[in-house]
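Got some structures for you, see below.
Two complexes are shown next, each including chain A; its partner changes from chain B in the first to chain C in the second.
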Partner chain A sequence: MEKVIEINAIEKSFGKTKALNKVSFEVNKGEIVGFIGPNGAGKSTTIRILLGLIKADGGSATLFGKDVWKDAVDIHKRVAYVPGDVNLWPNLTGGQVIDLFLSMRGAKVDKERKEELIKRFEFDPTKKCRAYSKGNRQKVALIAAFSAEADVYIFDEPTAGLDPLQERVFQRCAREVLDKGASVLLSSHILSEVEQLCDRVAIIRQGEIVESGSLVDLRHLTRSQITLKTKEDIHTIDSQDFAHDVTRDKGEIVFQLDSDHLDDFLRFIQPYTVLKLESAPPKLEDLFMRHYESTKGGV
Partner chain B sequence: MQTHAQTGRIFRFTLRKEWLKLLLWLIGGAFYVIMGVVAFVEVYGDPLERQAMAMAMQNPAMEALFGRAIGIDNYTIGAMYSHTMTILGFALFAIMSILLVVRNTRSEEEDGILELIQALPTGRLAHTTSAIILLLVTNVLVALISAGLLIGLGDASMSTEGALLTGVIYGMTGLLFGAITLVTAQLSSNARGAMMLAFGALGLSYVFRIIGDSGMEVFSWISPLGLLYNTEPFVNNYWFPVWIALGISLVLIVLALFLKHQRDMGAGLLPDRSGRRHASAFLKTPIGFVVKLVKTPLIVWAVAMVFLGISYGSVIGDVEGLLEGNEVIEQIIAGDPDISMVDQFMAMILGVLAMAATIPSLQVMLRLRGEEKKNRLEKVIAGAHSRLIIFGSFIVLSAIVAIALQILQSLAFGGAAVAMGYDVSLVEIIVAGFAYIPAMYVMIGVAALLIGWLPKLTSLVWLYLGFAFMILYFGGLFDFPEIINGLSPFYHVPQMPIDDWNWIVTLALTGISLVLSVVGYLGYSRRDID
Partner chain C sequence: MWTVFKLQWLRLFKQPVLMVTFLGLTLLFVYFLAGAQGTQTISVPTYSEELTSEELNEWIDRLNEEETFLFVESDYETVYDNIRMNETAFALGLTQENYEFLIGREDMEISTLIQYVDQIFVTEMRLQGVETDFGLTGLEVTEFIEIETRSHAAAVSSGDRYRLGIVVGMSLYFSVFSILFLMINLVEEKQTGTWNRLIFSPLTKTKIYLGQLTHYLLAGMIQIGLAFLILRVLVGIDLGTNYLEMGVIIFSFVFAIVSLGMLLMGIVNTPQQLQVVIPIVTTSMAMLGGAFWPLEVVTNRLLLFLGDLMPIKYGMEAMVDTIVHDHTLSQLIVPLSALILMGILFMGVGINLMERVSDN
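So, the complex of A and B:
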């Protein structure tokens, strides 16, 4: 598969603080990759390096096979970017700013596409930017990005400040550009959004990629939540290897099951009379929390 | 060129958002030139009167204010214009350029606008280059307009070459300080820091010029202001300082571009310090909160004012000996032989210092509006504090700052004068400084009124202060009508030590400032917060 974004062991320090430590991942053509991690983990730093806004201390980063720092202008002709915190010139209207951003791409402005997006995002382009709320400023950048025919879209928490309806519009737009063959890198805090949209995720923590792969693969590493009710009382479940965090509530047993020990569990409950058995699939959140908690625990 | 891709487009766009501001600055600059030429041509037509003025000007105190006396032997209108209008004109265009550069470089970078632009297919230096072009265009216009006006309005003594040179040095000062600001914008990671460094350079250059003009000539060549002043338009028309300044500007611009190209977006070359983890008890009080907001610039101002006071104070002692027994001057300028010339200069310098101290006092008051514009105020108002407490905190602190700075700089000024052996009582000078406080309060009151009723036009108070400064600075040179003079609160202040303390003026001005503040508060208490 053709790789459009390739990051190889990049490093970055700000003074004494090491912000990124040998970060590597890649994004293939036509693929959407979620980039998640707690605040200050290095998501935005990585994205800014990708955009040639800041320079990596070591390693290599390329888009379309070109160096992100040296060939920034060429690369940016094919890239659309939306940051999480958009500030605009207070005395210009949103419509003016969108046109400006589009005109800088050198491409002819597709007016229909722009108007359609303005409608879909329910955006009023005639107001001065100083009057816009955070969500509306965000829309300016989103509309400008989606109006552009780019090969790579980079979003850094793009839906911050948008209401849930507009979030959906964003997700639909993202799918549309994917269908056209573009690639997307989506950094986000909203795990459900990443879960719904993304083929693969990369999790960053303290400047290091701690997990990356397809969601399906990653789920194998996690646990499902099992809610079990049996006629008999099962004491022995507490001591089984596959069960974690066992709690009892109104005769129901709730525990975390290692996804790769499903078989052991089924054999174990065979002798009992099962009244209720519910299994909740592992959520990205659980995966994320496991890494997040290990930060706090200092593992 | 990759690094400059799309510069043209960004520049056209910059022009679209900047044209009104620049137009106003250019009109202001043109007005300054017109006022100078017309006033001199009208008022000083008589060569004898000019010659008397020349002699009066030729003393350290006046030179500290206006610049080294030039063309004294043949004090034509042109020489007079060059001598008295140049330094202040420099300051005007330097400030214009500093603000222009910060607004179009570091401010936009700090706001994150540059990040959006640079993520588009634009060159890494396109945004900065566009600001440089704007700086160039603006200052070329300053030069052309000024030269054109001088050629059109000047009398026979104002040669075309001198007019051109005057225009060029105005524009050159703007370009040079703009170039300095381009570099400071790379050094500091925020707009405020970049601006403070640039204004620091301007202040230092002014003080160096004073030191240079008071005898240590080398300093006036180090100072950009002194350097360009040495062109002496209409007197000697030296062009070489222009080329030196142009060379320095180009070097600074190249340096700024080099630094911009090397550094990361959002980073500065000077380190940022980390702050405190907790808010102190004082910070949690309303007034403590305001103090915290304005502390650093105030400290910088205080240091600058002390320097300025000492610089002016240390030249005043020399004046006496120079003037002693010079009856011609005493008759024409002072009119009354009982009044010491030195006292007159001293009164004028105290007035200038009081105006300078008004700037930081006003900044404190205007911060209220600044915080509102940044949407930070709503958090405070939505908290437990009433609008009265917030408005009051800003006014009170602003009033305290006025008093503190007046004491500080009167001490510095008077102390230096006494140390240099001039026979004057320190207490007298401090009292003279105090006499200006009610006038400063009127300025603060005007700011309060604008914040309360016309928040969008708050900056008009700077125009008013500028007007008051013109009246004070040029009042002795031009004959403004009494009614115009009277519009400045500073005009009514008794010029101690020449005049006596005047309770009526003190109480009247204080009363006016109180009324303005209360009316301002009434507006503020009922209007919407932006």
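So, the complex of A and C:
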């Protein structure tokens, strides 16, 4: 599969602080990759390096096989970017800024597409940018990005200021560009969004990629929540290796089950009369929290 | 590049207050403070305690034959009071066979005035002497040698040159203000993050800078051009007809100032600091460069040396020379090269500093 974004062991330090330590991941053509991690983990730094705004200290980062720093201008012609905090010229109107962004790309503006997006995002382009809320400023960047015919879309927490309805519009638009064959890198805090949209995720923590792969693969790494009710009381479950955080509530046993020990668990409960067995699939959030908590714990 | 250029104009048109204010200030200062209300004649109150009113008027008519000064009839008490109250600097007193000057304060016109009055008085006295000695009446003076002055320089008094210097100096001073204040936009863009939006477009940094700098260059040139046009048409100040030379000077000057702006922005990088630094730099530059007073009155060598480093000095020098002496481009090569050289130097250092700052 054609690799559109390829990051290979990039490093970046700001003074003594090491912001990125051998970060590597890739985005294939037609794929949407979620890029998640707690605040200050290095998501935006990675994106800024990808955009050629700052230079990496080591490693290599390429977009379309071109070096992101040396061939920045060429690359920018094919990339659309929406930052988390959109900064606009306060005395220009939203419509003017959208036109400006598009004209900077040097391509012809697809007016119909632009108008359609303005309608879909329910955006008023006649007001001056200083009067816009965070969400509206975000819409300016989103409309400009989706109006452009780009091959790669990079979103850095694009829906942070949007209401749930607009979030859905964003997700639909993202799927549309994917259908057209574009690739998307989505950095986000909203894990449900990443879960719904992304084929693969990369989790970054303290400047290092700690987990990377398809959501299906990653789920194996985590645990399912099992709610179990049996006729008999099972005391021995507490001492089983596959069960974690065992609690009892109104005769029900709730615990976390290692996904790769499902078989052991089934064999374990065979002798008992099972009245209720519920299994909740692992959420991305659990996966994320596992890493997040370990960060907090200083591991 | 043109997108960035267009963007800057769009922003300027949405907020033109700054430019209009500085243009207004230029006109106001030139009009009121520089005393440039058209070509002024200096009026000299003339009194006499000995001569009759008729005799005095005769003298005044004779003195007013040339238009350099305007002699106005007055009386000793009024003149004395006015000088005492510092309302007039000097007055001419006539007696039967002599004249005197009442001088309240030194004025640069006095020496010319004394020379002028002396010349007329001597001529008149000699004629009277001849009339008495030879008993003749109605003598006429025939000029055997006619002197035709071709050079503009001789025709322009130091006062005119000074006034023109103020007109040009003020216009340049306020244009420096508005160019530099306009350039704060650039730093603001870097601070608010819109600069990154530009960097993250398929435009090279060179094009972004070129777009921005072309805008400031053109805005500055338009401001000076407009100020001169208004001063010429509405106020009637003669600024000559050497449009090409003036255009080149304005371009070189604005280029030097835009570069100076880049240098300042390389050193100081928040809009708030710049708002403090710009007036200090601009005003001291104008003072040292001779925009407020002629450099001839400065004797301190250090100040004169510092003045030599100020772009405004070369801008003024070149403009005054062009207007007064019709200097051509080849004659203006020294001030023009100085401006361009300063521009290149400031720009080089400025962009370097700026880029170093933004790399971190």
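Following the convention adopted for this analysis, the second predicted complex is superposed on the first by the 299 of 299 C-alpha atoms of A that agree within 3 Å, B and C clash if a C-alpha of one lies under 4 Å from a C-alpha of the other, contacts with A are read in each partner's own complex, and residues count from 1 in each chain.
Keep in mind that, in the parts below, a contact is a pair of C-beta atoms (placed from the backbone, for glycine too) under 8 Å apart; a residue touches a chain by one contact, two chains touch by 3 or more.
Worth saying up front: this structure is predicted, and the values here are computed from it rather than measured.
When both complexes are superposed on chain A, chain B and chain C clash.
Residue by residue along chain A, chain B and chain C are tallied for touches, and B comes out ahead. When both complexes are overlaid on chain A, the residue A:89 reaches chain B and chain C alike.
After the shared chain A is superposed, the part of chain C among 9-17, 63-71 or 135-143 that runs into chain B is 9-17, by C-alpha clashes.
The contact surfaces that chain B and chain C form on chain A in the two complexes overlap at residues 51-55, 73-74, 76-77, 81, 83, 85, 87-89, 91-92, 100-101, 103-106. If you check the complex, the residues on chain B that touch chain A are 2, 5-6, 9-10, 13, 16-17, 111-113, 115-124, 264-267, 271. Interface of chain C with chain A (complex): residues 3-4, 7, 10-11, 14-15, 192-194, 196-204, 359.
Residue ranges on chain A touching chain C, taken from their complex, read 51-55, 73-74, 76-77, 81, 83, 85, 87-89, 91-92, 96, 100-101, 103-106. Interface residues of chain A facing chain B in the complex, by the touch rule stated above, are 14-15, 48, 51-55, 71-74, 76-77, 79, 81, 83, 85-89, 91-92, 100-101, 103-106, 141, 154.
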